Amino acid sequence: MKHHTHALTPPMGWNSWDCYGATVTEDEVKGNADYMAKNLKEYGWEYVVVDIQWSEAGAVSSAYRPFIPLEMDEYSRLIPATNRFPSSKDGQGFKPLADYVHKLGLKFGIHIMRGIPRQAVHQNTAIMNTETTAREIAKPNSICPWNTDMYGLDENKEASQKYYDSLFQLYAEWEVDFVKVDDIADSKLYGIHKEEIKMIRKAIDKSGRPMVLSLSPGPAPLEHASLLEENANMWRMTDDFWDIWPLLYDMFERCYKWSKNVGPGHWPDADMLPLGHIGIRSVDGGASDRYTRFTKDEQLSMMTLWSVFRSPLMFGGELRDNDEWTLSLLTNEEVLEIHQNGFGARQVYRENDRVVWSALGDDSTIYVALFNLSDHAQKVTASFEQLCFEVEQEVEIRDLWKKEDLKPIVDEVSAVLEPHACKLFKLTSEKIVHCQNVAQLNL
Amino acid sequence: MKHHTHALTPPMGWNSWDCYGATVTEDEVKGNADYMAKNLKEYGWEYVVVDIQWSEAGAVSSAYRPFIPLEMDEYSRLIPATNRFPSSKDGQGFKPLADYVHKLGLKFGIHIMRGIPRQAVHQNTAIMNTETTAREIAKPNSICPWNTDMYGLDENKEASQKYYDSLFQLYAEWEVDFVKVDDIADSKLYGIHKEEIKMIRKAIDKSGRPMVLSLSPGPAPLEHASLLEENANMWRMTDDFWDIWPLLYDMFERCYKWSKNVGPGHWPDADMLPLGHIGIRSVDGGASDRYTRFTKDEQLSMMTLWSVFRSPLMFGGELRDNDEWTLSLLTNEEVLEIHQNGFGARQVYRENDRVVWSALGDDSTIYVALFNLSDHAQKVTASFEQLCFEVEQEVEIRDLWKKEDLKPIVDEVSAVLEPHACKLFKLTSEKIVHCQNVAQLNL
Amino acid sequence: MKHHTHALTPPMGWNSWDCYGATVTEDEVKGNADYMAKNLKEYGWEYVVVDIQWSEAGAVSSAYRPFIPLEMDEYSRLIPATNRFPSSKDGQGFKPLADYVHKLGLKFGIHIMRGIPRQAVHQNTAIMNTETTAREIAKPNSICPWNTDMYGLDENKEASQKYYDSLFQLYAEWEVDFVKVDDIADSKLYGIHKEEIKMIRKAIDKSGRPMVLSLSPGPAPLEHASLLEENANMWRMTDDFWDIWPLLYDMFERCYKWSKNVGPGHWPDADMLPLGHIGIRSVDGGASDRYTRFTKDEQLSMMTLWSVFRSPLMFGGELRDNDEWTLSLLTNEEVLEIHQNGFGARQVYRENDRVVWSALGDDSTIYVALFNLSDHAQKVTASFEQLCFEVEQEVEIRDLWKKEDLKPIVDEVSAVLEPHACKLFKLTSEKIVHCQNVAQLNL
Amino acid sequence: MKHHTHALTPPMGWNSWDCYGATVTEDEVKGNADYMAKNLKEYGWEYVVVDIQWSEAGAVSSAYRPFIPLEMDEYSRLIPATNRFPSSKDGQGFKPLADYVHKLGLKFGIHIMRGIPRQAVHQNTAIMNTETTAREIAKPNSICPWNTDMYGLDENKEASQKYYDSLFQLYAEWEVDFVKVDDIADSKLYGIHKEEIKMIRKAIDKSGRPMVLSLSPGPAPLEHASLLEENANMWRMTDDFWDIWPLLYDMFERCYKWSKNVGPGHWPDADMLPLGHIGIRSVDGGASDRYTRFTKDEQLSMMTLWSVFRSPLMFGGELRDNDEWTLSLLTNEEVLEIHQNGFGARQVYRENDRVVWSALGDDSTIYVALFNLSDHAQKVTASFEQLCFEVEQEVEIRDLWKKEDLKPIVDEVSAVLEPHACKLFKLTSEKIVHCQNVAQLNL
C-alpha cells in the first residue's frame, strides 16, 4: 500500500466549499493561498483545494443547476471555466494556478465527481488513447442523486480504466497534489462505488504522481474499511458537516467507531472545519453568509476531537477574514503536535455525555481530552487506571489550549466543564509505566 | 372515477414485445392486426399495441442500446422512427397506422416511458404551450434503471403537467386508444412513481379521448391499490412474465393477493401471454426465437388463471405463426365468457400446491378451476360447501376446455390432475342457493 | 366466506381498554352494559368487550407486569381472575357475565392474546383432547414483544389446532359473541401471523358459534388484505389510536388506502374511539385520567370519518360518565345510518389538507364529508362532477350533525371550515344521474 | 484495555460442539484433554472447552429441546448436569474438571448463553447479593431465536449487573479460563447485544480472573468493531462454520474485511475447525457422524487462511480419532509460528478467485499464501512489488506445508494450483527492503 506514503500525517489545508460553494474564483483561491503561506504554513497547513463545479462558467451558489453545460476538452475531460480561472486559458488547465500555489511552498488540490460528463455521453465524444466513445463506457444506471453532471463508468469496459487514466494523467500534468473524489464513498442511491474507487487508485498509481486521494461524501461504510484503507488516503465518516451542534455531537460516536482504522496514510475524515467567515456564496448547511454558528466552546471541542482523533484538518472559511480567535485555533503548536505526531488515540469511556479520549506522545507523555457533550455543566474525570498507566509520583499537567502548566496531579485528571466545552491536557512524567505490553497492544 | 368506463371489461389484444422486442415494424403491426381482424375479433380481441422504442431508428433486439438518439419533434415529444414506420412520415406520427387498425374494426395502442427524453434535456428543447424548456422540468434524480431514454418529470413544476398534456394531446390526435406507460408502477430504484401517475391521469382526462391507461412494470405495490385503481385501468402484478414455470407458479399467489381489487375499469394485470411464436427479435426471458416453452398443460393453466381472475389478455406471439392449438386457446367462447362477464372470482383454497378458484356467472352458474401446481399427479377436490353454495339435487357440469358435458355431480367437484395441469368446469343448476347474502357479500 | 355473515354491518360497542387498561372489573363491565342497554342500544350499539389481562388477579394499570402468574384451567386455558370477576367462580368462566349482558339484549366480547400461556409451557400442562402437552406445541421463537404472557403456537403440530379448538369451544360454552385477538395482525417483531389467523378461523368455524373475529394490533399489512378478509371480520389499520391529533390526521391516509377493502363482513378497523372519560386506570396514550383531549371539531371529524368509511365503532370511555355532548356523538341516527347502511365510500380527493369523502345511500342520496385537516381555516369544495353525478335541478342538502336542512345547491357543495373541522352533508334529489354504470363500477 | 493481555496470541484449543453437539460428557472432555496434553500441548494448543447445554441432563444431539428443565443453583445460575459431569456432584460445579485439565498443563473453558434461565424467571428465583428476583431483571422482549433456555437481562436494572457478577464469580471459583458467550454477537432477531457485552466485560473484570472472552454467533457486525475490541478477546465473523466449501470460500472475504482489526488481545474468529471425526452426536451442518467432508486441499486452504489471518484455532473433531493426516495439520511448527508470531497480515490482491495473502515474520522474513478458490486449476502469482518489498538478489523460499526448501526466486513467487488448493511459502533474505516506512505504515 505504497499510496499511504502520500499522506503519512493527516493532511491540513483549506477548501473552498464552506465559503464559496460551487463558485470560487482564481483570485479567491490565490488570496487564500497567500494567507496560508504567510500565516499558517509554518504550522503545517499546506493544501489549497478548489472544490466542486470549477468547469461550470455560470455557477452561482452552492445550489447545483441541473443539466448545465460544462467546459470540456476533446477527450471528454472537464477543464476549468476560463471566466472563473483566467490562467487556465489556451488549454493550460490548472497548471498555472498550481504553479502559483507551489511557488508559495504549498500544495494544490482539486475536487472531481466520479464518472464521465453526461454531456460527453449524449454528444458521444472521444476517450483518449482508445477507439471508444463516451457513450460506450458510461454505466446506464449510475447517476449521482444530487448533481446532474456525470454518469458513472462501467468497470467491465476496458476503456473505463483508460478514461480514468487520462484524467489523472491530465491532473499529473497540471501538477495536482490532492484529489477529492465525490459521489463515491456513499452514493445515497447505490452505497459505496467500490469498483470506481479501485479504478481511480490504479489511475493515480499509473500517473506516477503521488496525489493524495480523498473520498466523499460520507458516511463511508465501516463495513468496507479494508477496501478504503487499501485504496484511499482519507474518506468521509459523515455526510456534509456544518456548524450545527447535533452534527458535532454525532461526530464523537463516529470517531469512536472508526478509531481502530486511523493510521499513517489512511485517515477517516470528519470533514471540513466550518469556522470563521463561511457561507459567503453558499446556502448549504441551512444558512448563508455568516461567522460560524459554533460557540467558542464548541469550536474548541471540535478542534480537540479532530486533533486527537487525527482527522484531516481542512479549514472551510475565508481565511483572509479570520479574526484573532479563529487564527489562534489554527496555530496552537502544542495541539497540532498531537494531530501530526500523536498515536494510539482511543475513546477511554463515554457515560452520560461525558466523553474522554486519550492519545500517546512519547514514552513519558499522555494526552487527555475531557468533553462535556451534555447541556448542563458537569465534572468529567479520568483515572490513571482508565488511562491505562501507573506512576509512583505526581504527574505534570498542562492545559494545551490555555498554554498553562497546572498543579501536578495524582491518580486522576478532572475538570468541571460548561455545556459543550472541553479540556485538552498533556500529562508528563518520566516515571509512567504503561499498561503491560502497551506497544504490542496496538495502542 | 370516470376512466373506469374506458375498460369495463378486461382488455384483450396483441402486443409486439414478446416476439419483436424493441424492433417491431409497421408491416409486422399491420400483419398482426389483419390476422386479429380475421381470426380473433369476433371473440373480443381488439387492441393492437406497439411496444417500446418505436422512436429508435436502429433498434436491434430487446436489448436496449444506451444513450442512443431518438426521433423527436420540436416540443421534446418522441415520434415514430420513419424507417420503421414509413406511414409516419411528414410528421403524421401514428395517425395513419391507427387509421389502418381502426378500419379493421380494432383499436390501436402504444407504449411510452415515463418522463421526458434525456436528449431533450441535454439539448434543452422547448415544451409546448410554455415558456419553459426541457432542462427546467426534468427531475434531476429520476432515471429508469434499465433504459437510458428518459428523465422523470418534477411534479412541482407547472410545466411538467403541460408536457404530459402535450403528449396525450398528440396521442389523441393520432387517435390512440390504449397507452402502456412504463417505468412507473415499480421503478426498481424508487418504488412507484405516484405523482407522475396522477399527472398522466389528468393529461388523459384533459385530452378528451378515452384512452385505456396501463401501468408497467410490476410488481405494483398492493399497498397503493387505491391510488392505482383511482388513476389507471390496469397495472402489472409482476415483473416481466415469460414462458418459465416458476413465474407462472408465482402468479397464483399474486392473483390471490390482488383478487379483492379486480373490477370493472380496474384490472390487476398478470402481463402478456408468451404463447406461440415468440422471441423472434427478442432475447429477453432467457431465450430467443422459439415456440413457447410452456407445455400444453401449462398453457391451459395460464389461460385458465388469467380468465377466471380476469387479467387483461395480451397475446405476445407472432399471431400469423399460430398453430391450431395456439389459436384454440384464444377462441374458446365459453372460457372467454368468464373473462368478460364472470364476477366474484376468488381463490377457494390452496393446500399442498392444490389450488381451487371459483367465479360466478349468472344466478345458476358457478365456474370452478382446479389446478395442480405440484410436480406429481394428484387429485384436486372442491366441495359445494367450500364453493359456498347448497343445492338439493345433482348439478350439471361441463369441461370448458374440452367443451364436453360430464356426468352430473353431487356434493363436490374433483379431478385427478397431471403436474401443472388444470380443469375448468362450469357448474349449472337452477336450484343453487348461494351462501346467505351472497350478492351483498361482495362475491 | 360464511363468517362474513357474522358481521354484515360494522360492529358497534364498548371496550374497556381506553378507560380501564388491563384492570376492568365485573362491576364496571356491568355498569357500562347497563348504560348501553338504556341509552345506546336503540341506536345499534350492542357489543360489550372485556379487554386484555382478565386472567391477571393483580393487574394495576395499562402497564403490563412481566412474567406474572395468570389464572388457568387444567387444559392450559386462561380463565377469568375471580377477584376481578366474582361471577366466574367455580369454573363458570365468563358464562354468568355473558348471560347478564345477553339479558340486556346486548352481546358479549373478550380479548385474547395469540398463543398459549408461557406458564403452561414451562409447567408443561395438558392440552385438551390430546396426549400432547404445552411444551410440545409452543413455537420456540414466537413471543409478543410487548407482553410476556404467551408463546405462539407451531402450526406444524397437529395439537396446536386442537388447542385453539379447545379455546373457542370454551368461549362458545361461555356464549361469547366477539373475540378480539391480539399480537396477531402486526407483531412488530415478526409481521403478521398468518398461520395462527387461519388456525383461529378454523377453530371458530368448528365451535359452531358465530363469533365476530377482530384482529389486533395494527397496522395490518394491506399486502395481506385477501388473507385478512378471508379469515377475519375486522382488523386494525393502525397501532393503538389515542386522542392526539397527529394520529387522527394519519387515519385519513390509512382509510384512503383501505377503502377498496371495506364490505359486509370484513371491516378494516380504525380502532376504538377515545372519547369521554378515559385513562381512568390507564397510562397508555401518553396521559392518564382525563376527558378526551380531542377538541369538539376533532371529535366530529373522527366520528364522521369512522362513519363514512364504515370502521367498527368501539367506544373507549367510561360510558356512565358521558356528558350530553359525548352522548350526542353516539346517538345521531342520521349519521349512524351511513355507518350501517351506506356503501361505496371513497375519498373523492385530497389536496392541501382539504379532504373530501363521499358515500352512497339509496339511488337518490349521496353523502358528502368535507374535512379541513390543516391548521388554518379554509374553504373546502366538491363539485357534482367530482362526486360523480349529474342532475338537472337543485339538490336538497342537509347538515347531518346539525340536523338542519340548508338552502338547495347547484353544481357543488362547499363549506368554510375551521382547522380540524368537518361537515357531513346528505344530498338528495330524485333526479340524480350517477356516473355511467355506477353500480357496476363497484361504487 | 487490560483484558487484551488475557490473549496476547490467538487462542488454540478444542471445543466439543462439532463432534458432540449439546451432549458432551465428562469422560469425553477428559479424553480429549489427555490427548491434547500428550500430542498437541507442545505446539501451543491449550484450551479445552465444553460447549452448550451442559446443564441439560437429557440432551440428545445438537438439536435443542424446547423448554426443557435445566440444572440450576439457588441463585438462578445454571450448573452442570451431574449425570453428564459426575465430578460436579455436591455443588462442586466444574471445579473438579477444571482441576483435572489444569493438572495436564492446559486451560479450561465453558460455553454460556447470554441472560438468565427462563425457568428462573417463571419460578421467580433469587439473585445473589440482591433483594431482587429473576422476574424483575429479565428483559421481557429479549429471547434467543434458536434456543429456549434464557431471557436477556435488562441493563437498566442494577441487579442485572449483579447477576452477571455472580455468574463470573462462580466461574472464577471453578477456575474457568475461557468463556464463550452465545446469542450475543449477532442475535438474528435483534442484532448485537451491546449492553450485555459491556455488563459481561465488567463482570469478568470484577471477578479478578483473566478469563478469555469469546462472543458468538456471527457474523458480528464490523460496524461495531470498536466495541468488540474494547470488550472482548474474540468474536465470530460468521454464523456456524461447517465442512462445506461455500462456507470456506466466503471466509476469504470475511477475513479481508476484518484484517484491519486483528491484533494482540482482539481476534476476529473464523470459528471452529470441522476437521477429523465430527458429527458424532451432532446433526448440525447438514450431516451427522463422519470424517470431515473437506478435501485435503481444502483442509490446507482452511488451515493456511486461519493461520495467516490469525484466527483463533479451535479444533472441532474428536481428537482421539485423529488420523496422521489430521494430526499433521495441527503440529506443523512452521505454520503455527505464523499464527502465533506473524503480524501485518493482509490480502495482497484478489482477482478471478486467485487470492494472495501475506504476513511478516522478522525483518528478513515474509510469508506468502497463494490460494486458488476457483473450480479449475490456475497459476497464482505475487510480485515482490505487490508484496511490498525490494531486494537486490535472489530470495530463499520454503514450502511450509511440505517443509521443503525450493529453488531461490527473483521478482515474484508463483504456483500452479489445483481447484481449492493453496501454497504457503516463507520468503527469506537479509537484503529485503520493505516499502518505505513499513513499520509505521501499520503493517
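The chains carry the letters A, B, C and D, assigned in the order they are written, with residues numbered from 1 in each.
As a working rule, contacts are C-beta pairs under 8 Å (C-beta built on N, C-alpha and C of every residue); 3 or more make two chains touch, one makes a residue touch a chain.
Note that the coordinates shown come from a computational prediction; the quantities given were computed from them, not determined experimentally.
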{"item": "Omitting chain B while every other chain stays put - resulting connected groups", "value": "one piece"}
{"item": "Chain A-chain C separation of Cα centroids, rounded to whole Å", "value": "56"}
{"item": "Rounded Å distance between chain A and chain D, as computed from the means of their C-alpha atoms", "value": "38"}
{"item": "Inter-centroid spacing, chain D versus chain C (mean Cα positions, whole Å)", "value": "53"}
{"item": "Set of chain D residues in contact with two or more other chains", "value": "none"}
{"item": "Contact graph of the chains (line, ring, star, complete, other)", "value": "ring"}
{"item": "Pairwise chain contacts, counting only pairs that touch as defined", "value": "A-B, A-D, B-C, C-D"}
{"item": "Chain D residues within the chain C interface of the complex", "value": "64, 66-68, 118-119, 121-122, 124, 135, 138, 140-141, 143, 145-148, 189"}
{"item": "Residues of chain C that touch chain B when the two form their complex", "value": "1-2, 4-5, 8, 222-226, 229-230, 256-261, 263-266, 346-347, 388, 435-437, 440-442"}
